[in-house]
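Below is a structure I'd like to ask you about.
Residue numbering begins at 1 within each chain, and the chains themselves are lettered A, B, C and D in the order written.
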Amino acid sequence: MSEKRKIGIAGASGYGGGELLRLLLGHPYVEVTLATAHRQAGQRVDAIHPHLRGLYDLTCVETAVTDAWGALDLLFLALPHKESPRVAAELPPSLRVVDLAGDFRLRDPQQYARFYGGEHPAFELQKDFVYGLTELQRDAVGKAHRIANPGCFATATLLGLGPAVQAGLVQGKIIVDAKTGSSGSGANATAGTHHPTRDASFLAYKAFAHQHVPEIKQLLFDLNPQWEGGLVFQTHSAPMVRGIFASCYITLQKPMSMQEVRSVYAEAYAGSPFIRLVEGSPNVLWVRGSNFVDIGFALEDDQLIVFVAIDNLVKGAAGQAIQNMNLMMGWPEETGLLSPGACP
Amino acid sequence: MSEKRKIGIAGASGYGGGELLRLLLGHPYVEVTLATAHRQAGQRVDAIHPHLRGLYDLTCVETAVTDAWGALDLLFLALPHKESPRVAAELPPSLRVVDLAGDFRLRDPQQYARFYGGEHPAFELQKDFVYGLTELQRDAVGKAHRIANPGCFATATLLGLGPAVQAGLVQGKIIVDAKTGSSGSGANATAGTHHPTRDASFLAYKAFAHQHVPEIKQLLFDLNPQWEGGLVFQTHSAPMVRGIFASCYITLQKPMSMQEVRSVYAEAYAGSPFIRLVEGSPNVLWVRGSNFVDIGFALEDDQLIVFVAIDNLVKGAAGQAIQNMNLMMGWPEETGLLSPGACP
Amino acid sequence: MSEKRKIGIAGASGYGGGELLRLLLGHPYVEVTLATAHRQAGQRVDAIHPHLRGLYDLTCVETAVTDAWGALDLLFLALPHKESPRVAAELPPSLRVVDLAGDFRLRDPQQYARFYGGEHPAFELQKDFVYGLTELQRDAVGKAHRIANPGCFATATLLGLGPAVQAGLVQGKIIVDAKTGSSGSGANATAGTHHPTRDASFLAYKAFAHQHVPEIKQLLFDLNPQWEGGLVFQTHSAPMVRGIFASCYITLQKPMSMQEVRSVYAEAYAGSPFIRLVEGSPNVLWVRGSNFVDIGFALEDDQLIVFVAIDNLVKGAAGQAIQNMNLMMGWPEETGLLSPGACP
Amino acid sequence: MSEKRKIGIAGASGYGGGELLRLLLGHPYVEVTLATAHRQAGQRVDAIHPHLRGLYDLTCVETAVTDAWGALDLLFLALPHKESPRVAAELPPSLRVVDLAGDFRLRDPQQYARFYGGEHPAFELQKDFVYGLTELQRDAVGKAHRIANPGCFATATLLGLGPAVQAGLVQGKIIVDAKTGSSGSGANATAGTHHPTRDASFLAYKAFAHQHVPEIKQLLFDLNPQWEGGLVFQTHSAPMVRGIFASCYITLQKPMSMQEVRSVYAEAYAGSPFIRLVEGSPNVLWVRGSNFVDIGFALEDDQLIVFVAIDNLVKGAAGQAIQNMNLMMGWPEETGLLSPGACP
């Protein structure tokens, strides 16, 4: 490649932005030439993210400064919900965009209103966005100009449920019991992430109200319009920093063998370099810091449990965003993303 | 009370034994006069449990030394499975016993063989034991001479499911997604509790094979012989030391209001000093180190989720054992057990 | 005792207040009849501190409501620095007070100004306060009407250095390398206690500027006016919730044997129920949640290292405050304070 | 580069071996063609290290199988102490070796005997090894055929002390208070790394007896034969998985300004791509998973404190080993090593 493509990150001070900066250091075809922030505008990105010290010579500009967009080949929006569409509305239509926020994921404005509250600042742009759950939407992503990058919980859940729903194996309602680390709460300190009370805590939250539910259902219905649609989705806070672990309880239409189940998933994920079907249970530790998705199974008669482990900030955010960028740009999907995390 | 009752602990070197020693320090009517161990026989209990340093002047004797049993008013067996019934077989029949192991919980020898493996060293004694899930078995415990203390996961699960099953509210199968801290693995170091790999881990284990399943089903059928019996029970390791958090997914026979659900539980647990019905989700942190059981609910139409948080070593083991002792001895159930844990 | 004494806690919503509430539940001679708060005035104390749920029927009143002070036998001030003396200035002079803040610890107003900044709201009251490092000030505390309770770092450091300095064993400057858990930062969420970045962090802070240095020096000079006064005191954040571990590097006037060193400390702490001299190193885990102080030693020729482990919120705050109350009230020092923490 | 160089790892199942495997995935000029193990011989490296699943197609052979050595360009020995020299004695003399164990670090056999115990299996080979603290030994490493890679604590300490000792700034004895995460204990579960008791622990260990002391002194004397030689080195266990934080207390020959101190270090580390001089304190979090070394300073008159943070498994082991390999092979020092860790 003669010259590196120019990449921008709007919202470079959060955890999503930080992971984009980290991961793109290892990408052979791009360089980050623009980083924006709001409260931390004027600061160097390696002052905001001290682990990157010395690896970037780049200072955050105010997010609203819009002249710079034109010089980019692709822009990642790593902004809070509601703020993302405000910026999107100002962008040159020709600019490729991967949006990590939730605003452009839902096609149904009523679902958006119910789960995100208030009005959508730019719903008319939503139709330009492809929902970027890469493994289940690879072709659409490859042709897309704008991507709505999935939520972290939605990514884990959809990768666990997608093949079974698509193959019509599911009977009755599905229960998904999902657990996340504290980095899912973002880079700003809150009562819920105060170390003394978060450190040894385990609790449930947002019962029947998590904003990732509608995007999960939307894609499952796309995969299989005949799906019955029953889904109970419950999120929990676990006392770790990184990782989502989803336990997906599925009643099968009829008893299957483990080999049959594994075949369905193996076929669905053939050619998916980040999916690893494991024996027994996966573990969030083994995918931490990486874009890998470890999936395991337990089975007894017609009761299937699918276990999915991802890193919420990588496959659940920045990594999948880059994976989508790769497809949009015509590069191999795994470009720059194959590094494993450091373990233990 | 003129004189303190004499209490023995067989297996004082494990975490169950350590918590019995700690909690009984605060009990007004008893003193621990005998502690046994095997590998650590000959060591002072406060050398084995350094947090108790200076609070006990007691040295562990070899567990097999049986002459001493006769002087006791009550013996706690805090031994590994299989070892417990071997000791039980040698005890004076008149001695009151609370057994923390699993060997005397199951009335069905086939279930025992399936989940614990191998032969039962003294199954003929099983009929003398009452299953001591205190809140759901209070009368039987009060008349008992020997108690089979419930498992930690079984305690959390039964307290979450008991009232709903008893009241006949449940339709179809129940899903219980349970999470435990590392102290549930006991005091001996193993690959699964190695700090570097356990610290940021989350994983599932023992799918469809956990030994607490049969005791859960046994008591639920006792509470309601009409119960359909469908139960999927899945355990997970969470990266904390203490606590069990059980998320119990129940389909109701018909939609109920939150108030109706809470009433069922409030009634079932009236007069139960350790049960606290909370708004929203409980948190293992708030029950850590204590015998309290925090229970919360989420509800949408006919879908109920009951969340239960306990300390696995207290309400899930040593605390409930003492609670049972109190009832057996005719003392108020909460005697010596009301101390909250230290938070944060 | 015919009737329980009435105790107030000003600032019951913080961690110091929470621990006073918890520990006083186990105290036979007192009851908490007044709790105040500012932002959380009007809330029940067991809503603010969920682990105490059901154990208190008490609602926080606004701290400024001063009529209630008169009915108390003793008031704990668990308020932020600067706020504490503002309240103290309004109290009836006859009221016994134990102040957990730093404002009344220093006799030298210039030291106060240097380390706490700004003006002292009521320096004229300082002379009424005795510095309450119990083990080294037992007689003065016993006669005191008002106590300035030591800081957490100062407590660990003084208990490690006191006997050596008092006995004149120290040559040249002392180095104290101290480490604390996150609860030392208080109950309010800040960037420094954000779980994702605090969880696996270890860092130093406040070099040459920690506000506990002057109170350490003040008491060491009281213990031995001949002491040379060289002290380097460096604090660190460790990724745990509770505990202070102080490593105190002392050059002895001449080589001593381990037995000689231990004798000096054993004598100094004879009759001190919370001091435990241990073999090898103490560990913050074994004192967590309790008022115990574990002290160990390493020695080579004239180089002594004294290791001290305390719980920052108990012996470092609320526990020592109660220990001081006991002496002020003429009760045995250990009343209500002998409970060990829950381990592991 | 036409063809990748062939690299072997003896002892691929431990944490040092695992990190070599991980880091070498990102190295452009080498491939790992041989991995050995003892207990885990016959297993795939990605079964032993599940985070590497799918990234290696390599099975561990028995370490003793020696025919394979000849095909290698360089061999990393990541074996336990004592075992490493036994293997080294069998290697072809022409083979380049980087040894991560301690056996070839000390030139003085008496020091070896004192700190490592027992006899050295192959002391006659020691003279062929260059001590590989890269930044302070760059030229020697570049010419070396065999490298004794420094210990993790020694690396942190020497990088903190080296410039000051070399420049003759130090007066009297130096105190180093060092803290490590649990991964420093290796991959095998032991009582000291049992999660329930390690999780919230902080303790000191190996007072006046740590085996890294002689290698620290040896290099400091090499850097400055006039150095007085006083060093107190104390290690502590902190409740984190990765990282070493060393607080180095130095009395300067005379008061210096911060700018003067920083200049000494900046000069000493000019051209050292992994050294980052930071404002205030470094933090183990920001170097976790990377080969970076963050160094900060606190200063008051003649009292200097140097704070050093490294990742014990990267700069403290596998990363520095690769850094040394790069110099031995004539490649840029930072080749394949510039990736930052994932934070938070």
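Keep this in mind: a residue touches a chain if its C-beta (ideal position, glycine included) is under 8 Å from a C-beta of that chain, and two chains touch if they have at least 3 such contacts.
For clarity, every value in this text was computed on a predicted model and none was experimentally measured.
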For chain B and chain D, the contact-path distance works out to 1
Set B-C beside A-C; more C-beta pairs touch across B-C
Taking each chain's mean CA coordinate, chain B and chain C are separated, in whole Å, by 36
Expressed in whole Å, how far the mean CA point of chain C lies from that of chain D is 40
Distance in whole angstrom between the CA centres of chain A and chain C is 46
Residue ranges of chain D touching at least 2 other chains are 15, 183, 196, 199-200, 240-242, 283, 285, 288, 343-344
Interface with chain C, chain B side, in the complex: residues 15, 18-19, 22, 25-26, 49-55, 183, 241-242, 276, 278, 283, 285-290, 292, 294, 311, 313-314, 338-344
The residues of chain A that touch chain B in their complex are 173, 175, 177, 179, 181, 196-197, 199-205, 207-208, 232, 234, 236, 238-243, 245, 247, 249, 251, 280-285, 288, 296, 298, 300, 303, 305, 307, 309, 343-344
The answer for chain D against chain B in the complex is residues 15, 181-183, 185, 187-191, 193-196, 198-200, 240-241
